[in-house]
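Take this structure, written in structure tokens, and hold onto it; I'll ask about it next.
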Amino acid sequence: MSDKSNKTIDIVHAGLARRHRKERWFRRMGVAALSVGILFLLFLFVTIFGNGWSAFQHAQVRLQIELSTSVLGSPETTSNDELRRADYGRLIRDALLDYFPEVDSRRERRAVSGLVSSGAVYQLRDMVVSRPQLIGEVIDVWLVADDEVDMLVKGYIDRTLDESERRISNEELGWIDKLVADGRLDLRLNRTFLVSGDSRDPEMAGILGAATGSLLALVVTMVLAFPIGVAAAVYLEEFAPRSRLTDLIEVNINNLAAVPSIVFGLLGLAVLINFVGMPRSAPVVGGVVLALMTLPTIIIASRASLQSVPPSIREAALGMGASRTQAVTHHVLPLAMPGVLTGAILGMARALGETAPLLMIGMVAFVVDIPGGFSDPSTALPVQIFLWADSPERAFVEKTSAAIMVLLVFLLLMNLLAVYLRRKFERRW
Amino acid sequence: MADKKIEFSHHISRQFDQELEEVRTNVLKMGGLVEQQLDLAMKALTQGDSDLGEQVARDDYKVNSLEVAIDEECSRILAKRSPTASDLRFVVTVIKTITDLERIGDEAEKIGYLAAGLAMAKQPKNRYREIRNLGSHVKQMVHSSLNAFARLDADEAFEVAKRDVEVDEHYESILRQLITFMMEDPRTIRPLLSVMWVARALERIGDHAKNICEYVIYLAHGKDVRHIGMQSHASLAEVERKLDELD
Amino acid sequence: MAGTVHDMMDESSAATEAVPDERPGVMAVEEEKGFQTVGQVEVESPRISVRNCNVWYADKQAIFDVSLDIAANEVIAMIGPSGCGKSTFLRCLNRMNDTIEICRVSGQILLDGEDIQGKDVDVVPLRARVGMVFQKPNPFPKSIYDNVAYGPKIHGLCRNKTELDEMVHQSLVKAGLWEEVKDRLDQPGTGLSGGQQQRLCIARAIAVDPEVILMDEPCSALDPIATARIEDLIDELRHKYTICIVTHSMQQAARVSQRTAYFHLGRLIEVDQTDQIFTNPAHKLTEDYITGRFG
Amino acid sequence: MQTGTLLIVLATLAALTYVGGRARALALVAGNPRQLYSLPVHYGVLAALWASLPAVALLLGWTGLEDRIVMGKVWTELPAQYQAMTSDERDLARAELLNVAAGVAPSSDPAITDGAARLVEMKARSKQLRGLLALAVGLLGAAIGIMVLRPNLSARTRVETVFRFFLMACASIAILTTVGIVLSVLFEALRFFQSVPITEFLFGLEWSPQTAIRADQVGSSGSFGAVPLFVGTLLISLIAMLVAVPIGLMSAIYLSEYAAPGVRSVAKPLLEVLAGIPTVVYGFFAALTVAPMLREWGSVLGLDVASESALAAGLVMGVMIIPFISSLSDDVINAVPQAMRDGAFALGATQSETVRNVVIPAALPGIVGGVLLGMSRAVGETMIVVMAAGLAANLTLNPLESVTTITVQIVTLLVGDQEFDSPKTLAAFALGLMLFVVTLILNIIALRIVRRYREIYE
Amino acid sequence: MADKKIEFSHHISRQFDQELEEVRTNVLKMGGLVEQQLDLAMKALTQGDSDLGEQVARDDYKVNSLEVAIDEECSRILAKRSPTASDLRFVVTVIKTITDLERIGDEAEKIGYLAAGLAMAKQPKNRYREIRNLGSHVKQMVHSSLNAFARLDADEAFEVAKRDVEVDEHYESILRQLITFMMEDPRTIRPLLSVMWVARALERIGDHAKNICEYVIYLAHGKDVRHIGMQSHASLAEVERKLDELD
Amino acid sequence: MAGTVHDMMDESSAATEAVPDERPGVMAVEEEKGFQTVGQVEVESPRISVRNCNVWYADKQAIFDVSLDIAANEVIAMIGPSGCGKSTFLRCLNRMNDTIEICRVSGQILLDGEDIQGKDVDVVPLRARVGMVFQKPNPFPKSIYDNVAYGPKIHGLCRNKTELDEMVHQSLVKAGLWEEVKDRLDQPGTGLSGGQQQRLCIARAIAVDPEVILMDEPCSALDPIATARIEDLIDELRHKYTICIVTHSMQQAARVSQRTAYFHLGRLIEVDQTDQIFTNPAHKLTEDYITGRFG
């Protein structure tokens, strides 16, 4: 016997080297695969952050502006309305021309005023309207520069190129350099981006409108999807008798979870807008569509969570004489709640990042105003990203990246919340 | 309930089968040894062979060591297998049976010893005939009781047990006869007393054989029929009915 | 009784042959007529009385025509090979089988003379009267106190917190757990050792003051030491409750019960005093099973 | 009364009824809860349900019918010429009426102005009436709810029945959604197939819907052969799967079988981050970074890579699907009981042998299911391809060229101004139907496989 | 190994404790009954009280039924508890002990029966003194052996067992004496034979007491000391050493 | 030996007092010096020889200084209360503990005289020589044939299909399963009954022709009938293999083994012939455990 076993072990030893070699290769493949995934992630983040970081600053020009009473009228006599309608552009133009006395041709004058964003007018107006006592004084203000100037200052425009190939002429370059040398042109914190709505001018475009739209839509989604989803999951998992109907519902839910999101958009378009007659481009419609889309996710996550509550707990409760409802509400659901919440949050996160269905229901419209209610026209963060990504201006590239950063921050926060919940309530049986 | 059959095989654990079988074999081996001892002792007595008598007395240790061995085996089975029902009854029966077999061995030893002593005395031909008869009767009982044990045959055991009464009567008559002889000739008192001890030993052997039979009945039916005076009943079924009534 | 056994003999040996090798799922479908359980099915003034109970899982019959009485204040053990229907039968007694959709029960099951089988019988009070302890200790993942207090709470047994406290205390004492947990009633019941958890489950069952406690292999997840403790506890509880216990361990059945029922392929083969079953069973199948001669 | 206020009032009523019902139940048994059939709470809830459910039902019904009834009433009071309008005109007039009533725009027609005033007034009155009625019903319900309480009333059963109905209704929403989807795409798709034969749609090799809206080509319906779209979709999905499956699977294996806890605790969340990134971000990335990069590399190698190549979209989509595949594989690999591995190890298998011979085969059905789900995801993926793939429907299998996909076409056809009867817009619905059917089939197969696999260990 | 202590309590299962305790109590009760029977029988003999003798003979059934009861109890414990180690040895010991106690009871019954017969005969004052001495010696042995059993005291058991040799010698001398008397006056043969049976019974009782002691030693130490002639050894430890050498 | 026992007594009673109530996790940390196992630790020509083995899980010591020889062709059973380290010790013998990262083993473990503890020892051939069977039957979800053939295949033990077939056949025969499965070798191993599955796992272990087979509670998931079959099988396998079996059932240890080792709180208290342990153990702790006097 020992004879034979020796033989066996010899055979085993003979094959060992080959087997260990295979083992090492397999392992390396795993490392490689994982690295590819993670490298890509890093690449993506680096690219996006590299692109988007600069959007949180933008070039501003410091001008000495005389708030002349000739343009604005005296503070005592002009009504608020008149003040709003005053020609602030002229004030800015004058200030610029004061600064560049050498400029005289019409073309040059136009070019000089082009250094400052067209939105600067509103900036100035808001300032004056809020503090009318300034009228008549000469103030030193930072005004948003034009996006091309911005790009130049940030170094996105290649000065060495031939003049014809860039959008900033040599003349303008000179002015800009002068401003920079005087400390009158600088990169400063971009508040506009965080507090205003969309705009055709990249330098005046902001994310707040989209963010508010997303928030409103998400509120609708959550209010609808969470209770309904949990209730449906509880019904299917704990109450439903096995019947054709429940089978059908089950198949349906699993299927809905994997239906492409754009199809939900079609549903929203056809049913909610064209049939029910809800307003286009409204967060409420977006919310409903997203709710329908996340519902299966929440139901499936909740069911998984309910399933992971050991049957012994149910049996224990039923064995104690609890009714089914009591068993569910007292034991099963509270135990499953962390999972349910995690599922809900992840579903919300997905809804937050979802774009396609919103395109279908018109939330892709160009909306300047920040929405004030559920039925106001609005857009949403991812759609805003889509819109900006499509815009030709170079400056929108960094805006897009910045918007992505904002979106990602939200998503990460939600994911962290989910992870936190899971950790906090994690229970082992 | 009369024909419930007990088998000591077909356990899922073949080892258990083997162990039980070994115990049974050992008991029968011990029984065989005891029978042989008894046989030799009676031969020593009737043939006046003092050497043979002494040999029987010497060989008793074999019976004793078999008893100890079987006892240990039974303890081991009880500890390892925790037998139940018929298996348990079997083990308990064996524990009791070997005690009785050992006593039979002791009695045989005693007979052998007495026979060795009597070999010196004059051989009274006709006298030993009665003892011989008693001896063969008792030997028959021992043999049958071992048979009943081997075949777990409660009915045979019952029949054997009933025959103990005959042995007792036989013994009584021998006793009376011996007393008469003693009174007739006081010088014979000493050897006759030896003969009386032999008869007494045989009577005891009969009792032990009866005990074994009672154990066999217990083993087969789970009813303890000891101490109830079986001789007055015609059949085992009758006895059981009576026991059931008592319950 | 002798006669009964006699009648049984032929049938039983036939059944033995039909026993499939180790496959619990396979069940002989032969519908023997006139099958009769050996031993004392009936008792005087039974607490539970089952008559001609049949159970099907979908089309598969799991229990065949079982009749059995369970007396007050006794421990009755149910033994038998795997898949013979012990658990199924036990779960009929408090209608826990209702939770399995495909399960269908026929026959009469009386608890203190009332039929518990009717469609309109409310299982909630029924299960309050017939408590259950499961194979794996399954305390709720709540505090020890809440575990025990749960039953009284849902059944509205207490007027106030003081009463509830007292009830919890009593139950824990009866379950022999009070000394071990009195200083940590607010700690989770799942933090106890296996044996303690099982005793907590028993305390929980006791707290609603049931009449009958069903236990389905309550010790199979425990080590020998915890098992011995539970067995001891069962023996004490017997003085107040009626206890039905399913067990795979014949030794355990022998130790804790007064009567033992042997199931085989969905039939109740024999039921009798435990001493009797374990020293001298009447039916050959029982004997074969308890002596390890199966198959 | 405003809806909000009304709801708050009703809620308060229900709360009060709950307290009342509870107290009454206890009073009935002189404070001994043991004599009650159900818990006091149940009696309270039952009473509260009586108080709230009928009132809420009334509210819902009223609100649903209100607009129609009021409008009908106002309409009948309008001058005769309005009654004689065609249905199109009528719709217009109604819209105007509503606009005026909402104060959006004044009307030149005095009848309309009057009507609008009437409308506003009647609505106000209806609201008042509604509030009063709801309150009355609520109070009545509360009274009934409290009166019906008896100690032996099984309040629990009743409350639970209501609860169950609520749950059931929620569960049915899934069906409604599916029905909604099917109906919404089906009708439009059918209309589309009335103008374009289904065979042409399915087997036509040319797709150029843009021509259809040109006014000078009325009657010409362009070409709606969807094969190039199918092929494009398939091509991109295939590229995606080629990227995602090996990487995802190997990552999952590495993470669950090899990686040290430290590595795992870092790498796993990182992969999950990949899953959480919105597709629009991937799309942006594909269009802005990956596509130009590929183009550059292509030119270095002397290949002509289209700026919107299928390869770029496919690669990025593949990356998007990696975490999908890896987490599904991870799940099924983890679901393979440790006992299986122990079994192999104890026989002297090396780690990779254990994985390849035991773990993967055991998990294979689950993995295949996961891959199919990933595939269906790729087919239905929209934003990446909208941003990174082309619009031109090239019928090609060359990954370096630009192709378009079903989803891209749906988006391009539907975003912007729509004329709902042009075949162009309707084509989008037909494509949507196709997409739905294809992913449905993929999903059903995948779910079947996954489910069957699950039953092995449970 | 000499001082390993055995306790029959502290089982996790209190019921088991109770059951074992009950068995022990019952054995001691049976022992007490047997002692009493022996006592009464001796009293009947020495006081020539034939009624008392008959009563002793009649009361033997009590001992018998206790034996059966304890036997059943032991079987039940074996079946239900599957005892191991000391518990198992205890149960096995009990099974054997009660057999011996029952035999002692039987012998007492016999003495009572003989005493009833002898009551008719003339009371030979001095003759019975020897028997009385033997009787009290034997009673002492029985008592001590039961004590040893009750306290599981192997050393006491050993001491008691060694004393059996004395009993045997005493018996031998009585026997010789009786034979002398018989030969002197053959008419006394019949009553003297009865006396002889009494002496013989007492000797057997001594043997049974010795057996019980051997069981107690087995129980306490797990060593079977039967059939090895303990009298030649000074102490139990010596015996055990010898046994260990044999292993 | 008497002396040893004598010396032990005091320690052991101290240890008894330290035994915590039913809580397996709690381990007395007292580092008794000069602790010595009672009984025959050494055997002639041992197959496995363990000396001064200590095992830690992270900072918690699970095995204290255990020395034990295992002879060829014997069945040695390891018993002891839950958490006493039986499984841990068993898994040291084929380094299955390697799969638990926090586990650290010290001491000398020789298999046929070769140390198996070194870092550079390849576990693959080691495990081929020391097979293992687990508590829950764990056949691979493949056909019965493939289950058994897996070991020979990965180790390349067979030149061709015929040899492999023969090997599978032989292993199944040895495991006593051939008759039951010969007609369905291509059906999944998971479709067998629990007892058959466990025998399949044994066949699988046998197929690589190991020298030692370790079994960790191989019957605890099985019913009494399947258990009896496995026990019988173990007894047969003994003639060819050395078998170490961990079991919670003392009865089982008594039935299948020639020697028995009793563990308590990570220490090997006593090891001796099984007959001896179960009729007359030398150490009080052993006696208390096997007679059910714990705690």
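Each chain gets a letter, A, B, C, D, E and F, in the order it is written, and its residues are counted from 1.
Everything that follows uses one rule, which is that contacts are C-beta pairs under 8 Å (C-beta built on N, C-alpha and C of every residue); 3 or more make two chains touch, one makes a residue touch a chain.
Here the structure is a predicted model, which means the values were calculated and not measured.
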Would you pick out the chains that touch chain B and also touch chain F? C, E
If you tally C-beta pairs in contact for every chain pair, which pair wins? Let me know. A-D
Counting residue numbers used by both copies over all numbers at the interface, does the chain C-chain F contact come out same (over half shared) or different (under half)? same
Taking the mean of the C-alpha atoms as each chain's centre, how many Å separate chain D from chain F? 56
Calculate how many whole Å lie between the centre of chain C and the centre of chain F, each centre taken as the average of the chain's C-alpha atoms. 34
Mean-CA-position distance for chain E and chain A (Å): 100
Roughly how far is chain A from chain C, centre to centre by C-alpha average, rounded to an integer in Å? 60
Shared-interface residues of chain B (touching two or more other chains) are 11-13, 16, 72, 75, 79, 82-85, 88-89
Going through chain C residue by residue, note those that touch at least 2 other chains and give them in order. 124, 154-155, 225, 228-229, 250-251, 254, 278-279, 292, 294-295
Touching at least 2 other chains, the residues of chain A are 12, 19, 323
Select the category (line, ring, star, complete, other) that matches the graph of chains linked by touching. other
Interchain contacts, given as pairs of chains that touch: A-C, A-D, A-F, B-C, B-E, B-F, C-D, C-E, C-F, D-F, E-F
Of all residues in chain C, those that touch chain D in their complex: 122, 124, 154-159
If you look only at chain F, which of its residues touch chain C in the complex? 21-25, 81-82, 180, 193-196, 223-226, 228-229, 248-251, 292, 294-295
Seen from chain C, its contact residues with chain A in the complex are 94, 96, 99, 101, 123-128, 131-134, 136, 138-141, 150-151, 154-155, 190, 201, 204-205, 208
Any idea which chain B residues touch chain F in the complex? 11-16, 72, 75-76, 79-82
Taking the complex as given, what residues does chain C use to touch chain E? 225, 228-229, 231-232, 235, 251, 254-255, 274-275, 278-279
